[in-house]
Amino acid sequence: MNKAIGETNWVIPDGYIPPESSGSLLSHESICVLNCSAEDATLTISIYFEDRDPLSNITYVVPGQRTKHIRTSSLERDGEHIPTGVPYAIYIESDIPVVVQYSRLDSTQAENALMSTMGYPVRQA
Amino acid sequence: MNKAIGETNWVIPDGYIPPESSGSLLSHESICVLNCSAEDATLTISIYFEDRDPLSNITYVVPGQRTKHIRTSSLERDGEHIPTGVPYAIYIESDIPVVVQYSRLDSTQAENALMSTMGYPVRQA
Amino acid sequence: MNKAIGETNWVIPDGYIPPESSGSLLSHESICVLNCSAEDATLTISIYFEDRDPLSNITYVVPGQRTKHIRTSSLERDGEHIPTGVPYAIYIESDIPVVVQYSRLDSTQAENALMSTMGYPVRQA
Amino acid sequence: MNKAIGETNWVIPDGYIPPESSGSLLSHESICVLNCSAEDATLTISIYFEDRDPLSNITYVVPGQRTKHIRTSSLERDGEHIPTGVPYAIYIESDIPVVVQYSRLDSTQAENALMSTMGYPVRQA
(Lines give C-alpha, C1' and ligand atoms only; values in the text may rest on other atoms or scores of the structure.)
Protein backbone atom coordinates (compact mmCIF):
# COMPACT_ATOMS: atom_id res chain seq x y z
CA MET A 1 0.00 0.00 0.00
CA ASN A 2 1.87 3.09 -1.16
CA LYS A 3 -0.68 5.15 -3.02
CA ALA A 4 -1.79 8.53 -1.72
CA ILE A 5 -5.13 8.14 0.05
CA GLY A 6 -7.56 10.54 1.70
CA GLU A 7 -8.20 14.15 0.74
CA THR A 8 -6.11 17.27 0.15
CA ASN A 9 -8.17 19.83 2.12
CA TRP A 10 -9.11 19.44 5.79
CA VAL A 11 -10.79 21.68 8.37
CA ILE A 12 -10.75 21.58 12.20
CA PRO A 13 -13.01 24.36 13.56
CA ASP A 14 -12.29 23.81 17.29
CA GLY A 15 -8.66 24.65 17.95
CA TYR A 16 -7.57 25.67 21.44
CA ILE A 17 -4.24 25.29 23.25
CA PRO A 18 -4.99 25.05 26.99
CA PRO A 19 -2.75 27.61 28.74
CA GLU A 20 -2.23 25.51 31.86
CA SER A 21 -1.12 22.01 32.81
CA SER A 22 -0.86 20.10 36.04
CA GLY A 23 0.10 16.57 36.98
CA SER A 24 2.48 14.52 34.81
CA LEU A 25 1.07 15.25 31.34
CA LEU A 26 1.32 18.53 29.40
CA SER A 27 -1.86 20.06 27.95
CA HIS A 28 -1.54 19.97 24.17
CA GLU A 29 -3.24 19.46 20.83
CA SER A 30 -2.09 17.28 17.96
CA ILE A 31 -2.88 17.32 14.27
CA CYS A 32 -2.32 13.68 13.32
CA VAL A 33 -1.57 13.12 9.64
CA LEU A 34 -1.09 9.86 7.75
CA ASN A 35 0.70 9.95 4.40
CA CYS A 36 0.39 6.50 2.79
CA SER A 37 2.04 7.62 -0.44
CA ALA A 38 5.69 6.94 -1.25
CA GLU A 39 6.31 10.69 -1.70
CA ASP A 40 6.46 13.55 0.80
CA ALA A 41 3.25 15.46 1.51
CA THR A 42 3.73 19.21 1.95
CA LEU A 43 1.06 20.77 4.16
CA THR A 44 0.14 24.45 4.03
CA ILE A 45 -1.67 25.38 7.23
CA SER A 46 -3.82 28.46 7.91
CA ILE A 47 -4.97 29.51 11.37
CA TYR A 48 -8.24 31.48 11.66
CA PHE A 49 -9.10 33.59 14.71
CA GLU A 50 -12.21 35.17 16.23
CA ASP A 51 -11.06 38.76 15.97
CA ARG A 52 -8.14 39.16 13.61
CA ASP A 53 -6.92 38.15 10.17
CA PRO A 54 -5.68 34.61 9.58
CA LEU A 55 -2.09 33.47 10.08
CA SER A 56 -1.47 31.76 6.76
CA ASN A 57 1.15 29.77 4.91
CA ILE A 58 2.65 27.73 7.71
CA THR A 59 4.32 24.77 6.01
CA TYR A 60 5.04 21.27 7.32
CA VAL A 61 6.34 18.17 5.53
CA VAL A 62 5.08 14.64 6.26
CA PRO A 63 7.45 12.11 4.65
CA GLY A 64 6.14 9.27 2.51
CA GLN A 65 4.89 6.16 4.34
CA ARG A 66 5.01 8.03 7.64
CA THR A 67 2.60 9.56 10.16
CA LYS A 68 3.28 12.80 12.00
CA HIS A 69 1.43 13.82 15.16
CA ILE A 70 2.07 17.56 14.97
CA ARG A 71 1.88 19.57 18.19
CA THR A 72 0.05 22.78 17.28
CA SER A 73 2.30 24.68 19.70
CA SER A 74 5.26 23.78 17.46
CA LEU A 75 3.80 25.44 14.35
CA GLU A 76 5.29 28.80 13.43
CA ARG A 77 5.81 31.23 10.59
CA ASP A 78 8.52 33.90 10.85
CA GLY A 79 8.70 33.32 14.59
CA GLU A 80 4.95 33.74 15.11
CA HIS A 81 3.18 30.90 17.00
CA ILE A 82 -0.46 30.11 17.77
CA PRO A 83 -1.25 31.85 21.07
CA THR A 84 -2.46 29.71 24.01
CA GLY A 85 -5.86 30.25 25.63
CA VAL A 86 -7.44 31.59 22.42
CA PRO A 87 -10.17 29.91 20.32
CA TYR A 88 -9.06 29.36 16.74
CA ALA A 89 -9.67 27.13 13.70
CA ILE A 90 -7.33 25.18 11.41
CA TYR A 91 -7.34 24.82 7.64
CA ILE A 92 -4.92 22.33 6.09
CA GLU A 93 -4.10 22.02 2.41
CA SER A 94 -1.83 19.18 1.29
CA ASP A 95 -0.26 18.80 -2.15
CA ILE A 96 -1.23 15.10 -2.15
CA PRO A 97 -4.08 13.23 -0.39
CA VAL A 98 -3.60 12.50 3.32
CA VAL A 99 -5.87 11.68 6.29
CA VAL A 100 -6.14 14.10 9.25
CA GLN A 101 -7.37 13.54 12.82
CA TYR A 102 -7.36 16.11 15.63
CA SER A 103 -6.92 15.34 19.33
CA ARG A 104 -6.60 17.45 22.47
CA LEU A 105 -5.31 16.57 25.92
CA ASP A 106 -6.35 19.04 28.62
CA SER A 107 -4.66 18.67 32.00
CA THR A 108 -5.73 22.05 33.44
CA GLN A 109 -7.47 20.43 36.38
CA ALA A 110 -4.91 17.87 37.64
CA GLU A 111 -6.47 14.87 35.89
CA ASN A 112 -6.39 14.67 32.12
CA ALA A 113 -9.29 15.04 29.67
CA LEU A 114 -9.15 13.85 26.06
CA MET A 115 -11.13 14.63 22.93
CA SER A 116 -10.65 13.58 19.32
CA THR A 117 -12.35 13.81 15.95
CA MET A 118 -11.49 13.20 12.34
CA GLY A 119 -10.85 16.42 10.46
CA TYR A 120 -13.58 17.55 8.08
CA PRO A 121 -12.55 16.64 4.53
CA VAL A 122 -13.41 19.35 2.01
CA ARG A 123 -14.36 17.82 -1.29
CA GLN A 124 -13.39 20.07 -4.15
CA ALA A 125 -16.17 21.28 -6.40
CA MET B 1 -8.12 31.02 0.55
CA ASN B 2 -11.27 33.07 0.75
CA LYS B 3 -13.95 30.95 -0.86
CA ALA B 4 -16.85 29.60 1.14
CA ILE B 5 -16.18 25.96 2.03
CA GLY B 6 -18.14 23.25 3.82
CA GLU B 7 -21.90 22.82 3.90
CA THR B 8 -24.92 25.02 4.70
CA ASN B 9 -26.90 22.59 6.92
CA TRP B 10 -25.50 20.92 10.04
CA VAL B 11 -26.99 18.75 12.80
CA ILE B 12 -25.75 17.99 16.34
CA PRO B 13 -28.15 15.52 18.03
CA ASP B 14 -26.46 15.44 21.47
CA GLY B 15 -26.85 18.87 23.05
CA TYR B 16 -26.70 19.22 26.83
CA ILE B 17 -25.59 22.10 29.04
CA PRO B 18 -24.30 20.60 32.32
CA PRO B 19 -26.06 22.42 35.16
CA GLU B 20 -23.11 22.29 37.53
CA SER B 21 -19.42 23.16 37.57
CA SER B 22 -16.63 22.73 40.06
CA GLY B 23 -12.91 23.48 40.03
CA SER B 24 -11.42 26.24 37.88
CA LEU B 25 -13.25 25.58 34.58
CA LEU B 26 -16.94 26.24 33.81
CA SER B 27 -19.03 23.43 32.31
CA HIS B 28 -20.06 24.53 28.82
CA GLU B 29 -20.68 23.55 25.22
CA SER B 30 -19.38 25.27 22.10
CA ILE B 31 -20.57 25.26 18.52
CA CYS B 32 -17.33 25.99 16.64
CA VAL B 33 -17.86 27.49 13.18
CA LEU B 34 -15.28 28.33 10.52
CA ASN B 35 -16.24 30.78 7.78
CA CYS B 36 -13.45 30.80 5.17
CA SER B 37 -15.37 33.08 2.82
CA ALA B 38 -14.72 36.82 2.57
CA GLU B 39 -18.39 37.54 3.41
CA ASP B 40 -20.38 37.18 6.64
CA ALA B 41 -22.20 33.89 7.25
CA THR B 42 -25.61 34.27 8.90
CA LEU B 43 -26.60 31.21 10.91
CA THR B 44 -30.22 30.34 11.72
CA ILE B 45 -30.26 27.92 14.64
CA SER B 46 -33.14 25.67 15.78
CA ILE B 47 -33.18 23.84 19.11
CA TYR B 48 -35.18 20.58 19.35
CA PHE B 49 -36.35 19.12 22.66
CA GLU B 50 -37.60 15.77 23.94
CA ASP B 51 -41.02 16.97 25.02
CA ARG B 52 -41.92 20.32 23.50
CA ASP B 53 -41.89 22.21 20.23
CA PRO B 54 -38.60 23.53 18.84
CA LEU B 55 -37.15 26.93 19.68
CA SER B 56 -36.47 28.22 16.18
CA ASN B 57 -34.96 31.16 14.36
CA ILE B 58 -32.08 32.03 16.63
CA THR B 59 -29.65 34.02 14.48
CA TYR B 60 -25.89 34.44 14.78
CA VAL B 61 -23.38 36.07 12.43
CA VAL B 62 -19.87 34.68 11.79
CA PRO B 63 -17.80 37.34 9.99
CA GLY B 64 -15.80 36.50 6.87
CA GLN B 65 -12.39 34.89 7.40
CA ARG B 66 -13.17 34.31 11.05
CA THR B 67 -14.03 31.44 13.40
CA LYS B 68 -16.55 31.74 16.24
CA HIS B 69 -16.69 29.27 19.14
CA ILE B 70 -20.27 29.96 20.21
CA ARG B 71 -21.24 29.11 23.80
CA THR B 72 -24.69 27.54 23.56
CA SER B 73 -25.64 29.23 26.83
CA SER B 74 -25.25 32.59 25.05
CA LEU B 75 -27.84 31.79 22.36
CA GLU B 76 -31.22 33.47 22.81
CA ARG B 77 -34.36 34.58 21.02
CA ASP B 78 -36.65 37.18 22.59
CA GLY B 79 -34.96 36.57 25.94
CA GLU B 80 -35.44 32.79 25.81
CA HIS B 81 -32.30 30.67 26.37
CA ILE B 82 -31.55 26.93 26.14
CA PRO B 83 -32.28 25.48 29.59
CA THR B 84 -29.46 23.69 31.45
CA GLY B 85 -29.71 20.03 32.45
CA VAL B 86 -32.05 19.16 29.56
CA PRO B 87 -31.24 16.91 26.56
CA TYR B 88 -31.72 18.74 23.28
CA ALA B 89 -30.53 18.76 19.64
CA ILE B 90 -29.19 21.50 17.36
CA TYR B 91 -29.97 22.28 13.73
CA ILE B 92 -27.90 24.96 12.01
CA GLU B 93 -28.64 26.50 8.66
CA SER B 94 -26.12 28.96 7.19
CA ASP B 95 -26.67 31.20 4.17
CA ILE B 96 -23.21 30.25 2.85
CA PRO B 97 -21.11 27.09 3.37
CA VAL B 98 -19.27 26.80 6.70
CA VAL B 99 -17.76 23.97 8.78
CA VAL B 100 -19.19 23.11 12.22
CA GLN B 101 -17.69 21.15 15.14
CA TYR B 102 -19.30 20.59 18.53
CA SER B 103 -17.44 20.25 21.85
CA ARG B 104 -18.49 19.92 25.49
CA LEU B 105 -16.55 20.47 28.70
CA ASP B 106 -18.16 18.92 31.74
CA SER B 107 -16.70 19.85 35.12
CA THR B 108 -19.55 18.55 37.28
CA GLN B 109 -17.26 16.20 39.18
CA ALA B 110 -14.26 18.42 40.08
CA GLU B 111 -12.04 17.26 37.22
CA ASN B 112 -12.95 18.13 33.67
CA ALA B 113 -14.23 15.80 30.94
CA LEU B 114 -14.16 16.67 27.24
CA MET B 115 -15.96 15.39 24.17
CA SER B 116 -16.00 16.60 20.57
CA THR B 117 -17.34 15.62 17.16
CA MET B 118 -17.78 17.21 13.79
CA GLY B 119 -21.35 18.25 13.12
CA TYR B 120 -23.32 16.07 10.72
CA PRO B 121 -23.43 17.81 7.33
CA VAL B 122 -26.81 17.49 5.64
CA ARG B 123 -26.38 17.25 1.92
CA GLN B 124 -29.30 18.80 0.13
CA ALA B 125 -31.31 16.58 -2.16
CA MET C 1 -38.01 23.02 8.82
CA ASN C 2 -40.11 19.89 9.03
CA LYS C 3 -38.72 17.58 6.37
CA ALA C 4 -37.07 14.32 7.27
CA ILE C 5 -33.28 14.79 7.14
CA GLY C 6 -30.30 12.49 7.61
CA GLU C 7 -30.11 8.80 6.82
CA THR C 8 -32.16 5.69 7.63
CA ASN C 9 -29.32 3.29 8.58
CA TRP C 10 -26.71 4.02 11.25
CA VAL C 11 -23.93 1.99 12.88
CA ILE C 12 -22.06 2.46 16.19
CA PRO C 13 -19.37 -0.24 16.55
CA ASP C 14 -18.18 0.70 20.06
CA GLY C 15 -20.99 0.01 22.51
CA TYR C 16 -20.18 -0.63 26.16
CA ILE C 17 -22.19 0.02 29.32
CA PRO C 18 -19.71 0.59 32.16
CA PRO C 19 -20.72 -1.71 35.04
CA GLU C 20 -19.68 0.70 37.78
CA SER C 21 -20.29 4.31 38.80
CA SER C 22 -18.94 6.53 41.53
CA GLY C 23 -19.41 10.19 42.45
CA SER C 24 -22.59 12.09 41.56
CA LEU C 25 -23.06 10.96 37.94
CA LEU C 26 -24.16 7.52 36.71
CA SER C 27 -22.07 5.76 34.04
CA HIS C 28 -24.23 5.48 30.93
CA GLU C 29 -24.41 5.61 27.15
CA SER C 30 -26.87 7.52 25.01
CA ILE C 31 -28.01 7.09 21.43
CA CYS C 32 -29.06 10.65 20.54
CA VAL C 33 -31.54 10.85 17.66
CA LEU C 34 -32.97 13.92 15.94
CA ASN C 35 -36.18 13.56 13.94
CA CYS C 36 -36.79 16.83 12.06
CA SER C 37 -39.80 15.45 10.18
CA ALA C 38 -43.38 16.13 11.22
CA GLU C 39 -44.06 12.37 11.49
CA ASP C 40 -42.89 9.77 14.01
CA ALA C 41 -39.69 7.85 13.24
CA THR C 42 -39.78 4.17 14.22
CA LEU C 43 -36.33 2.78 14.97
CA THR C 44 -35.50 -0.93 14.75
CA ILE C 45 -32.32 -1.58 16.73
CA SER C 46 -30.03 -4.64 16.56
CA ILE C 47 -27.30 -5.37 19.10
CA TYR C 48 -24.26 -7.38 17.94
CA PHE C 49 -21.97 -9.21 20.36
CA GLU C 50 -18.47 -10.70 20.29
CA ASP C 51 -19.49 -14.26 20.98
CA ARG C 52 -23.19 -14.82 20.41
CA ASP C 53 -25.96 -14.12 17.94
CA PRO C 54 -27.44 -10.62 17.69
CA LEU C 55 -30.33 -9.35 19.79
CA SER C 56 -32.56 -7.97 17.04
CA ASN C 57 -35.81 -6.11 16.53
CA ILE C 58 -35.79 -3.76 19.49
CA THR C 59 -38.16 -0.93 18.56
CA TYR C 60 -38.22 2.68 19.70
CA VAL C 61 -40.31 5.64 18.49
CA VAL C 62 -38.95 9.19 18.16
CA PRO C 63 -41.88 11.59 17.69
CA GLY C 64 -41.87 14.19 14.91
CA GLN C 65 -39.97 17.42 15.57
CA ARG C 66 -38.39 15.90 18.67
CA THR C 67 -35.01 14.55 19.82
CA LYS C 68 -34.61 11.53 22.05
CA HIS C 69 -31.42 10.78 23.99
CA ILE C 70 -31.97 7.06 24.50
CA ARG C 71 -30.17 5.36 27.40
CA THR C 72 -28.96 2.04 26.03
CA SER C 73 -29.66 0.43 29.42
CA SER C 74 -33.37 1.19 28.84
CA LEU C 75 -33.57 -0.79 25.59
CA GLU C 76 -35.24 -4.18 25.86
CA ARG C 77 -37.03 -6.88 23.91
CA ASP C 78 -39.19 -9.43 25.72
CA GLY C 79 -37.52 -8.47 28.99
CA GLU C 80 -33.98 -8.93 27.63
CA HIS C 81 -31.59 -5.98 28.12
CA ILE C 82 -28.05 -5.21 26.91
CA PRO C 83 -25.69 -6.64 29.54
CA THR C 84 -23.25 -4.27 31.28
CA GLY C 85 -19.49 -4.72 31.06
CA VAL C 86 -19.66 -6.41 27.65
CA PRO C 87 -18.36 -5.02 24.32
CA TYR C 88 -21.11 -4.80 21.72
CA ALA C 89 -22.13 -2.89 18.56
CA ILE C 90 -25.33 -1.11 17.54
CA TYR C 91 -27.21 -1.13 14.24
CA ILE C 92 -30.14 1.26 13.85
CA GLU C 93 -32.65 1.22 11.04
CA SER C 94 -35.26 4.00 10.91
CA ASP C 95 -38.33 4.09 8.67
CA ILE C 96 -37.59 7.75 7.83
CA PRO C 97 -34.30 9.68 7.76
CA VAL C 98 -32.91 10.80 11.14
CA VAL C 99 -29.50 11.84 12.51
CA VAL C 100 -27.74 9.73 15.18
CA GLN C 101 -24.93 10.60 17.60
CA TYR C 102 -23.48 8.32 20.29
CA SER C 103 -22.05 9.46 23.64
CA ARG C 104 -20.73 7.67 26.72
CA LEU C 105 -20.17 8.92 30.25
CA ASP C 106 -17.88 6.71 32.31
CA SER C 107 -17.68 7.45 36.02
CA THR C 108 -15.96 4.22 37.07
CA GLN C 109 -13.01 6.05 38.60
CA ALA C 110 -14.67 8.80 40.70
CA GLU C 111 -14.27 11.57 38.11
CA ASN C 112 -16.22 11.40 34.88
CA ALA C 113 -14.89 10.72 31.38
CA LEU C 114 -16.83 11.54 28.20
CA MET C 115 -16.63 10.41 24.60
CA SER C 116 -18.85 11.12 21.61
CA THR C 117 -19.02 10.52 17.88
CA MET C 118 -21.58 10.77 15.13
CA GLY C 119 -22.98 7.43 14.12
CA TYR C 120 -21.76 5.98 10.84
CA PRO C 121 -24.42 6.58 8.19
CA VAL C 122 -24.82 3.64 5.85
CA ARG C 123 -25.66 4.84 2.39
CA GLN C 124 -27.85 2.37 0.62
CA ALA C 125 -26.55 0.85 -2.57
CA MET D 1 -29.89 -7.93 8.27
CA ASN D 2 -26.97 -10.05 7.13
CA LYS D 3 -25.48 -8.18 4.21
CA ALA D 4 -21.99 -6.73 4.40
CA ILE D 5 -22.24 -3.01 5.15
CA GLY D 6 -19.71 -0.18 5.49
CA GLU D 7 -16.42 0.14 3.65
CA THR D 8 -13.36 -2.04 3.07
CA ASN D 9 -10.61 0.53 3.79
CA TRP D 10 -10.32 2.54 7.01
CA VAL D 11 -7.73 4.91 8.46
CA ILE D 12 -7.07 6.05 12.04
CA PRO D 13 -4.22 8.60 12.08
CA ASP D 14 -4.01 9.06 15.87
CA GLY D 15 -2.81 5.80 17.39
CA TYR D 16 -1.05 5.83 20.77
CA ILE D 17 -0.86 3.21 23.52
CA PRO D 18 -0.41 5.06 26.82
CA PRO D 19 2.58 3.46 28.61
CA GLU D 20 1.18 3.94 32.10
CA SER D 21 -1.99 3.16 34.03
CA SER D 22 -3.21 3.90 37.53
CA GLY D 23 -6.43 3.30 39.39
CA SER D 24 -8.70 0.36 38.54
CA LEU D 25 -8.74 0.63 34.72
CA LEU D 26 -5.91 -0.20 32.31
CA SER D 27 -4.91 2.38 29.69
CA HIS D 28 -5.70 0.91 26.28
CA GLU D 29 -6.97 1.51 22.77
CA SER D 30 -9.59 -0.47 20.88
CA ILE D 31 -10.32 -0.83 17.19
CA CYS D 32 -14.04 -1.67 17.23
CA VAL D 33 -15.25 -3.50 14.12
CA LEU D 34 -18.78 -4.52 13.17
CA ASN D 35 -19.23 -7.25 10.56
CA CYS D 36 -22.95 -7.46 9.68
CA SER D 37 -22.38 -10.00 6.94
CA ALA D 38 -22.97 -13.73 7.39
CA GLU D 39 -19.34 -14.45 6.38
CA ASP D 40 -16.04 -13.83 8.16
CA ALA D 41 -14.24 -10.55 7.49
CA THR D 42 -10.46 -10.87 7.26
CA LEU D 43 -8.68 -7.65 8.21
CA THR D 44 -5.16 -6.80 7.06
CA ILE D 45 -3.74 -4.10 9.32
CA SER D 46 -0.73 -1.85 8.68
CA ILE D 47 0.90 0.31 11.36
CA TYR D 48 2.67 3.52 10.25
CA PHE D 49 5.29 5.26 12.40
CA GLU D 50 6.91 8.69 12.56
CA ASP D 51 10.45 7.54 11.93
CA ARG D 52 10.58 4.04 10.50
CA ASP D 53 8.98 1.82 7.87
CA PRO D 54 5.48 0.45 8.42
CA LEU D 55 4.71 -2.81 10.20
CA SER D 56 2.42 -4.41 7.63
CA ASN D 57 0.28 -7.49 7.08
CA ILE D 58 -1.07 -8.07 10.55
CA THR D 59 -4.20 -10.17 10.08
CA TYR D 60 -7.31 -10.46 12.23
CA VAL D 61 -10.61 -12.25 11.59
CA VAL D 62 -14.00 -10.85 12.63
CA PRO D 63 -16.62 -13.60 12.35
CA GLY D 64 -19.91 -13.01 10.53
CA GLN D 65 -22.69 -11.28 12.53
CA ARG D 66 -20.20 -10.38 15.25
CA THR D 67 -18.38 -7.32 16.57
CA LYS D 68 -14.78 -7.39 17.82
CA HIS D 69 -13.30 -4.68 20.01
CA ILE D 70 -9.64 -5.33 19.26
CA ARG D 71 -7.05 -4.17 21.80
CA THR D 72 -4.20 -2.71 19.74
CA SER D 73 -1.72 -4.10 22.28
CA SER D 74 -2.84 -7.60 21.25
CA LEU D 75 -1.93 -7.14 17.57
CA GLU D 76 1.26 -8.85 16.45
CA ARG D 77 3.15 -10.21 13.47
CA ASP D 78 5.97 -12.68 13.95
CA GLY D 79 6.11 -11.72 17.62
CA GLU D 80 6.40 -7.98 16.90
CA HIS D 81 3.88 -5.73 18.73
CA ILE D 82 3.02 -2.03 18.53
CA PRO D 83 5.32 -0.28 21.02
CA THR D 84 3.74 1.76 23.84
CA GLY D 85 4.35 5.50 24.22
CA VAL D 86 4.93 6.01 20.49
CA PRO D 87 2.71 7.99 18.07
CA TYR D 88 1.55 5.83 15.17
CA ALA D 89 -1.28 5.48 12.62
CA ILE D 90 -3.48 2.57 11.58
CA TYR D 91 -4.57 1.42 8.13
CA ILE D 92 -7.16 -1.36 7.92
CA GLU D 93 -8.12 -3.25 4.80
CA SER D 94 -10.98 -5.77 5.00
CA ASP D 95 -11.92 -8.29 2.35
CA ILE D 96 -15.61 -7.38 2.82
CA PRO D 97 -17.27 -4.14 4.00
CA VAL D 98 -17.22 -3.48 7.75
CA VAL D 99 -17.60 -0.42 10.01
CA VAL D 100 -14.68 0.74 12.20
CA GLN D 101 -14.60 2.99 15.27
CA TYR D 102 -11.54 3.84 17.37
CA SER D 103 -11.53 4.55 21.12
CA ARG D 104 -8.83 5.20 23.71
CA LEU D 105 -8.92 5.03 27.48
CA ASP D 106 -6.05 6.85 29.18
CA SER D 107 -5.65 6.28 32.90
CA THR D 108 -2.12 7.73 33.24
CA GLN D 109 -3.23 10.29 35.80
CA ALA D 110 -5.32 8.26 38.27
CA GLU D 111 -8.69 9.18 36.78
CA ASN D 112 -9.63 7.95 33.33
CA ALA D 113 -9.96 9.96 30.12
CA LEU D 114 -11.82 8.72 27.04
CA MET D 115 -11.81 9.65 23.38
CA SER D 116 -13.51 8.09 20.37
CA THR D 117 -14.04 8.70 16.67
CA MET D 118 -15.29 6.77 13.68
CA GLY D 119 -12.48 5.59 11.46
CA TYR D 120 -12.00 7.47 8.20
CA PRO D 121 -13.53 5.41 5.39
CA VAL D 122 -11.42 5.50 2.22
CA ARG D 123 -13.60 5.42 -0.82
CA GLN D 124 -11.90 3.65 -3.67
CA ALA D 125 -11.29 5.65 -6.85
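Letters A, B, C and D mark the chains as written, and numbering starts fresh at 1 in each.
Please note the rule applied: contacts are C-beta pairs under 8 Å (C-beta built on N, C-alpha and C of every residue); 3 or more make two chains touch, one makes a residue touch a chain.
By chain, UniProt protein names: A, B, C, D = Sensory rhodopsin transducer.
Bear in mind that the values here come from a model prediction, so they are computed numbers and not experimental data.
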Of the other chains, whose C-alpha centre is the longest way from the centre of chain B?
D
Would you kindly state whether over half or under half of the residue numbers at the chain A/chain B interface are used by both copies, giving same or different?
different
With chain centres taken as the means of their Cα atoms, state the distance from chain B to chain C in Å.
22
Between the Cα centroids of chain A and chain C the separation in whole angstrom comes to 31
Numbers and ranges of chain D residues touching at least 2 other chains
110-111, 113-118
Please give the residue numbers of chain A that touch chain B in the complex, ascending.
9, 11-16, 46, 48-51, 53-54, 56, 87-89, 91, 93, 104, 106, 108-111, 113-118, 120, 122
Report the residues of chain C in contact with chain B in the complex, numbered from low to high.
1, 5-6, 23-25, 30, 32-34, 36, 65-69, 99-101, 103, 105, 107, 110-118, 121
